[in-house]
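One structure, as structure tokens, below. Some questions next.
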Amino acid sequence: MIDQPELASLSKGDSINHFLLVKKSDLRLTKQNKEYLSLELGDKSLSVQSNLWDDVKNFYNIKSNIKTGSVVKVKGQLDEYQGAPQIKITEIRLAKDEDNVTPLDFIPTSNRDLEEMKTEFRNRIKKISNPQLSKLLKNIFSDERFEKYTKAPAGKLWHHSYISGLIEHTLEIIKICDLMCDIHPELNRDLIIAGAMLHDFGKIEELSFDSAFEYTDKGKLLGHIVIASMIVDEEIKKIKDFPEELKINLLHLILSHQGKLEHASPVVPKTLEAITLYHADELSAKVNAYKLTLQSEIKQNSKWTKFINLAGTDLYSHDLENFSEFDNKTLFD
Amino acid sequence: MIDQPELASLSKGDSINHFLLVKKSDLRLTKQNKEYLSLELGDKSLSVQSNLWDDVKNFYNIKSNIKTGSVVKVKGQLDEYQGAPQIKITEIRLAKDEDNVTPLDFIPTSNRDLEEMKTEFRNRIKKISNPQLSKLLKNIFSDERFEKYTKAPAGKLWHHSYISGLIEHTLEIIKICDLMCDIHPELNRDLIIAGAMLHDFGKIEELSFDSAFEYTDKGKLLGHIVIASMIVDEEIKKIKDFPEELKINLLHLILSHQGKLEHASPVVPKTLEAITLYHADELSAKVNAYKLTLQSEIKQNSKWTKFINLAGTDLYSHDLENFSEFDNKTLFD
Amino acid sequence: MIDQPELASLSKGDSINHFLLVKKSDLRLTKQNKEYLSLELGDKSLSVQSNLWDDVKNFYNIKSNIKTGSVVKVKGQLDEYQGAPQIKITEIRLAKDEDNVTPLDFIPTSNRDLEEMKTEFRNRIKKISNPQLSKLLKNIFSDERFEKYTKAPAGKLWHHSYISGLIEHTLEIIKICDLMCDIHPELNRDLIIAGAMLHDFGKIEELSFDSAFEYTDKGKLLGHIVIASMIVDEEIKKIKDFPEELKINLLHLILSHQGKLEHASPVVPKTLEAITLYHADELSAKVNAYKLTLQSEIKQNSKWTKFINLAGTDLYSHDLENFSEFDNKTLFD
Amino acid sequence: MIDQPELASLSKGDSINHFLLVKKSDLRLTKQNKEYLSLELGDKSLSVQSNLWDDVKNFYNIKSNIKTGSVVKVKGQLDEYQGAPQIKITEIRLAKDEDNVTPLDFIPTSNRDLEEMKTEFRNRIKKISNPQLSKLLKNIFSDERFEKYTKAPAGKLWHHSYISGLIEHTLEIIKICDLMCDIHPELNRDLIIAGAMLHDFGKIEELSFDSAFEYTDKGKLLGHIVIASMIVDEEIKKIKDFPEELKINLLHLILSHQGKLEHASPVVPKTLEAITLYHADELSAKVNAYKLTLQSEIKQNSKWTKFINLAGTDLYSHDLENFSEFDNKTLFD
Amino acid sequence: MIDQPELASLSKGDSINHFLLVKKSDLRLTKQNKEYLSLELGDKSLSVQSNLWDDVKNFYNIKSNIKTGSVVKVKGQLDEYQGAPQIKITEIRLAKDEDNVTPLDFIPTSNRDLEEMKTEFRNRIKKISNPQLSKLLKNIFSDERFEKYTKAPAGKLWHHSYISGLIEHTLEIIKICDLMCDIHPELNRDLIIAGAMLHDFGKIEELSFDSAFEYTDKGKLLGHIVIASMIVDEEIKKIKDFPEELKINLLHLILSHQGKLEHASPVVPKTLEAITLYHADELSAKVNAYKLTLQSEIKQNSKWTKFINLAGTDLYSHDLENFSEFDNKTLFD
Amino acid sequence: MIDQPELASLSKGDSINHFLLVKKSDLRLTKQNKEYLSLELGDKSLSVQSNLWDDVKNFYNIKSNIKTGSVVKVKGQLDEYQGAPQIKITEIRLAKDEDNVTPLDFIPTSNRDLEEMKTEFRNRIKKISNPQLSKLLKNIFSDERFEKYTKAPAGKLWHHSYISGLIEHTLEIIKICDLMCDIHPELNRDLIIAGAMLHDFGKIEELSFDSAFEYTDKGKLLGHIVIASMIVDEEIKKIKDFPEELKINLLHLILSHQGKLEHASPVVPKTLEAITLYHADELSAKVNAYKLTLQSEIKQNSKWTKFINLAGTDLYSHDLENFSEFDNKTLFD
């Protein structure tokens, strides 16, 4: 862990002496035909625009080594341009091994332990009884792809928008769906859990998350729902005797999980499993989103956030003491 | 239990020899100034219009004894008028003690055991640690009112629309909310559980459910959300030192639980507990509604229901085998 | 061609002596446990419900030969049940070869010559210069699949809703898109024409159209947009060196061609080709839909149709003489 | 009245020598742990942010005396920070008695004479014939509460958003409703006038208006409609024999007066009085809002305001002479 | 006045011996090539379909004399076909002078005295001070056109939908606007009153109202707003020196009076007069519409109407006594 | 053509030595009562605010000669105020004849040759067979009005928003409509082409386009749809025996061409010609708008524009090679 004040806590004029992640890097020409680097630098709290001019020491050495995803040590001052913060760089160098910093130090990460989450996820796959679904899930969540999956955020900004947010979000939905299966034996548990595991799986190609979280071209032009459907369709074709009825029900869960056409699902939920998955997803996503918003937007001396567009309201943080001593174990006696 | 074919299974011309519940009864005059009774008769499956003319035997004895909520024994034939079924009555009498039927035999009832649900509900109140909330809940859910509450349906038609549906629905929400509290320690467990218990509580005055489920005048003009708020406000005033902050947070949960202004909540959810309760309610309600719809609307030789207005689609019932042997106990290890 | 009055022109009580297509056939039991066939019979103008009771001559010979898609000769009378027409059957037999009728005599068909349309379509493929697109289109529209494609309607009810309507509709869009390419050289002609050819291609699996036009289970649960995307994705994988940029642009055309999320496109048009295809599709579809509606809904002595839900209005048929002698050839001098 | 240029008329760099109202005051720490006051200062025309640093003379004397609602005399200069105006304070002191200024000099106030409005309101109550409604209105609008009520604005920004705007607005609605009762004798005049008087009454708790107009926590979490309903319900309970039918009709007027669910009414108008009150409220509110907007937003040399979000358009101020000599007295001959 | 039971009060099988208005008349051929008349007959309460067959006595004498707008004397019986009422005619004749009935006896008419309304309208024109507006109004509301105007209904179904409803509605709006001018001297009284008088004036061509109220072809294709604008534009051109600013403000009132684009106004209200006229129109229209609906839809033994689509709710008729003795004269002291 | 860098390519601090168009000019007073000119100056790329203070050389000579539509030569520097660019003027003079610049050098203009477009338009009129339509079009598009028409832009910002954009847009629609007439002989070609020519014709009064494109007062208060309808109505009245049916169908095309009420059409399309014109207009407008947006908003090193409000998305510019060698002439063989 790096020990330096967060960018978001600094004001105009404050001096910078920070390790920062290069979130974007572009070599450009000024009108006078001199080279400069247009950079986006940031830590977990903020991303800031900065231009690296050719009069900065060692510009010509460093210009082709600074890439998206590099970590740099920057000295300078926080400035402001057209209402947005900027860093005036006076010195810059690439991070060295002995600095002991990695890109992951600069992007937000799930608070849950990743290994624990991986184990929980793999264990849940093992409980799938249906042999075709079991095989499909093992094939899809294997090796490299599982590594990528367990690193992905669930979104760019709104909910579970941090490294390993996608698996954290998925595990919450699985718990909610298992609870609903306890209440409603009519639900096909294997089917709905497989749907839960795969519903947002396309986000590993919709988003890039090595440094800043960005939508990919493919992500914007196809969307994670269709990306996932095409991968699942392809993987199902590889499994002998995968039942057609099971296939279209599983694909339906992925396609309909955003619940409404205007939320970019090409079909609305039409099965009992689909309506359950949609609302389990909503519950997990919205509670996480409101929690993150309250944590980041409640300001000193206030109980209210600013107006939050995605919520359509400002949010309130009460200060009621939470002293319930509820005994969790008795819930499902 | 009465042993007779359900009305919904009969066709035009079939003969009737049934105990039926009087769902509405109105003494009217024909244009020739003769008295007749305009009746709505039904069982759990259907309600049917019927006129009792004065030439039916013992019309004059029975006309003032047949009231909404009476059970009658009817002989006659199923007829049709302007596209709707009607019963042509040839004989009618009030049910007697020895018939061993009660109005509850004719209206749908929760499949869960009522005493078990009552115990579960009372036990959950006992786990509330906050003394004012605990007192409030005990006062509100006491004696007569608890009896009425545990009988109420959660709605007229869409979800948990049967006797004791309201407590069944509430217990589901409580389980979902307790699960969310396990995931998010930031949630105030006592507050959200109290909100869950009270959120639809106004339905005991919004609906009448002695025989058919109908909205009351008060229910239509004020709505269950405001009815509940006024009762809770009144009960809070009776409790010494009930904290103002706790009061407005609890009322906010009731007022905002339908999530959107256009769903008749006068405020949208603005706290972490409120957004959780809204989506827990949605999850419980929608899954139950779709299940009931699938059970009643899937016809012989079809996997599809008709178009369901409230769902905005027709629903599909797959025939996948559900053979998961998931071990529930391991969920929260 | 068969020579018999259209069902839609008959009234209650009129006698029936018709060849009709079996659009649905279901063997059921009465409450008295006798077998009967629940049939939907129709010609191009109307579909009518009918029950074939076991007292009709040769019921036991014929009951297992009457299937969806059979043609039958029926004698009886037009009746009415619950406000809908019904046929009371007195005699029935399967059509024989010498009757010289086929199922296609009973479902509406495009007015354009099919062979001409096939030629036009194949010729347009030949003009595709891009080798990968050319190969992809030839693979997809080959043999059996092309046969099926050229038979499909473009929809169940609204526009080009007749046999070979899909290819007729597609050829219109191609013409409109070619015109737009003439006006805007910035448009990539090969890309947009390939998109036009594939945009509604998934309808061959979304709909069944051997007898009545019906949505398939797969069609309702996945939708033609995703069905087409999965097939195209699969076919692209078979072509060596198909460029990724070309692939996502082509898939984007299919996915976005309904223009708006609420019209079931999972992404909105984001490229110049996509916005062109969307509006070319709208133009072709709406003009055809309004024309069909005016043709079928204008009644004797009226210039107005009834209120048409999909148009949100009633439509007007003026009686202005159309005597323009416009010389088409001069359009693009 | 104070004689000083309005803040809104000043430009960056202009000097300040003004009495101003403290609309918000917050004691904070700089990053260097020095105290400073974050202030919002304003007059009727504008509110401006300002920081009072500890190097301003007598900072330590004054810091704990400056509170929300104080009036201060400020010297300094109008500056700008991140696009918003700021005051650079060089001297500050609290207003003294001999300055002869009060907070009300700095917040906008109704142009109508308050005593006249109070008399008009009390006289109208006297004309209520129904004894229970008469008693209810006298109890609710008594003493302290009436004082508060007659000071309240009807809104924060849009219409009648000035001191005593609520009573001015209410008196307008009463006139409109009385006119509608003249036209439609079917309207229950007592009921509708009582509803008009109470409809926005909850705003006295929804808003704080001692200095700047702000929503209270309670106001945001419960809303003025429910606040009013709970008070009216409580006051009705104190009146012997208040008819239930009258009570739910009166509450319905309050609950439904915003006309649509999406405007935060939990029920829509369902009675003749309710639909009348809703549209009378709209008429009074919108005309006032457009008038205020035209007065404040029409700039030099223009007949158009900027785009007004709440109106969904820009507004136009014609310069037609208004020379009608209409004789008001003849209106209702 | 004719003395006969209203059609709406009769039931299937009741005998008919009524004068009725011919609302539509169409000579058609049966499939057997016999002539018959397809008639729509009605009184103020109901319109009923009826076919006049050629076996009715004097069919051949009467067939070409029965036209839309004729009054006929009919004997027969009330029957039912496909769920809708029909009259089986056994005898029919045209009304004679000595029958003393006119078409106006069969269509609903305003309860207000027409001559009184005409005088009120003409008197209000006289109070217009602006000479061009005064001249314009006198020209437009002169002679024949005034006669037609004062007969027109304000709508087909919803509000003031009876003979002379348009002038009744307009006079209400004038009163409301005059009241708003008293409250807001900023309103240009002449302009807004002229706008009120002309706002729905195009309905005299949008609707036909000699017998049943129907939209004309022109009315459906152009709409009353544009029809009125074109007439007013034409009449303004005839007046010398009509100020351009006055013209576009007056036309703006007509064009924007439905308040929202989706209500078919091509521009939204952008002036103070326009927003006032819009809400005055709403107030007059909605209160009248709800009153008519409550009068016609409240059934025996119920306080609720059926669900009313245009209101989006069912309506409630309380039975509170209306004993206010409000003294109208004191309103504007 | 003038040879100077475009304003949009300059940065803060760059020096200005430009001919610029005066888009707005306003003589105002400072608080110190000195005169200054508030100017909006621009070229094809950008409009910039600038104040001309009285200390600039020859202020008093020039102040009354600088008017909206003048061309001036300006020296100074590009500055920034409140986040927007400004020009600090040090010298200014009016353009002289020998400078050889005209206002049209500073506003964007169609890329098509104007004379060619005029010829194409006039030739298409000549092909109208219907004598009344032919006469109407010749009268409306005659002399001065045709000159004005052929100069007008089709909009202020979104599509064809440049000098002669209106005729370019109209010619595109004509081609599309002629193609649709080839496909659908049911379309009345003369009627739809006349409608296409007149549909946006009101824009010549809705917009002013001598210098910057601005809405006129009349344009904002009446809208181009109604302006056009009133002119066409007036011109039709001048033509003897213009058929009423033709008139209302032609006006309907103008009124309904924006397709939806919420797009400011007072009626929706109800005829086959109207639905065709609406979608042809959409196709032409949207493709042009997206092309212009992609041309102006794609930045260096990016394939994406910023988020475009009117499109509801960001737009993508692929870099696929466009090497189709499609032979246009074969299209309609």
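Each chain gets a letter, A, B, C, D, E and F, in the order it is written, and its residues are counted from 1.
Operating definition for what follows: contacts are C-beta pairs under 8 Å (C-beta built on N, C-alpha and C of every residue); 3 or more make two chains touch, one makes a residue touch a chain.
For reference, the UniProt names are A, B, C, D, E, F = Putative HD superfamily hydrolase.
What you are looking at is a predicted structure, and each value in this text was computed from that prediction instead of being measured.
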**Asked** Chains in contact with chain C and with chain E: which ones?
**Response** B, F
**Request:** Please state whether the interface between chain D and chain F is built from the same residues or different ones, using more than half shared residue numbers as the mark of same.
**Result:** different
**Request:** For A-B, find its twin among E-F, D-E or C-E: the pair where over half of the contact pairs carry the same residue numbers.
**Result:** D-E
**Request:** Tell me which of A-F and B-D has more C-beta pairs in contact.
**Result:** B-D
**Item:** Cα superposition angle of chain A on its copy chain C, in degrees to the nearest 5
**Value:** 180
**Request:** Report the inter-chain centroid distance for chain C and chain D in whole angstrom, where each centroid is the mean of the CA atoms.
**Result:** 61
**Item:** Centre-to-centre distance between chain F and chain C (centres being mean Cα positions), rounded to whole Å
**Value:** 41
**Item:** chain B and chain C, separation of their C-alpha mean positions in angstrom
**Value:** 44
**Prompt:** Taking each residue of chain A in turn, which ones touch at least two of the other chains?
**Reply:** 83, 217, 220-221, 249, 270-271, 314, 316
**Request:** Identify every two-chain combination in which the chains touch.
**Result:** A-B, A-C, A-D, A-F, B-C, B-D, B-E, C-E, C-F, D-E, D-F, E-F
**Asked** So in the complex, which bits of chain B are touching chain E?
**Response** 26, 28, 31, 82-83, 217, 220-221
**Complete:** Touching chain E in the complex, chain D uses residues 127-130, 172, 175-176, 178-191, 243, 245-246, 249, 268-272, 275-276, 279-280, 282-283, 286-288, 290-291, 294, 311-320, 322-328, 331-332
**For the chain B and chain C complex, residues of the former touching the latter** = 11, 80, 83, 300-301, 303-304, 314, 316
**Fill in**
Note: in the complex, chain B contacts chain D through residues 217-218, 220-223, 225-226, 229-230, 233-234, 237, 248-249, 251-252, 255, 261-267, 270-271
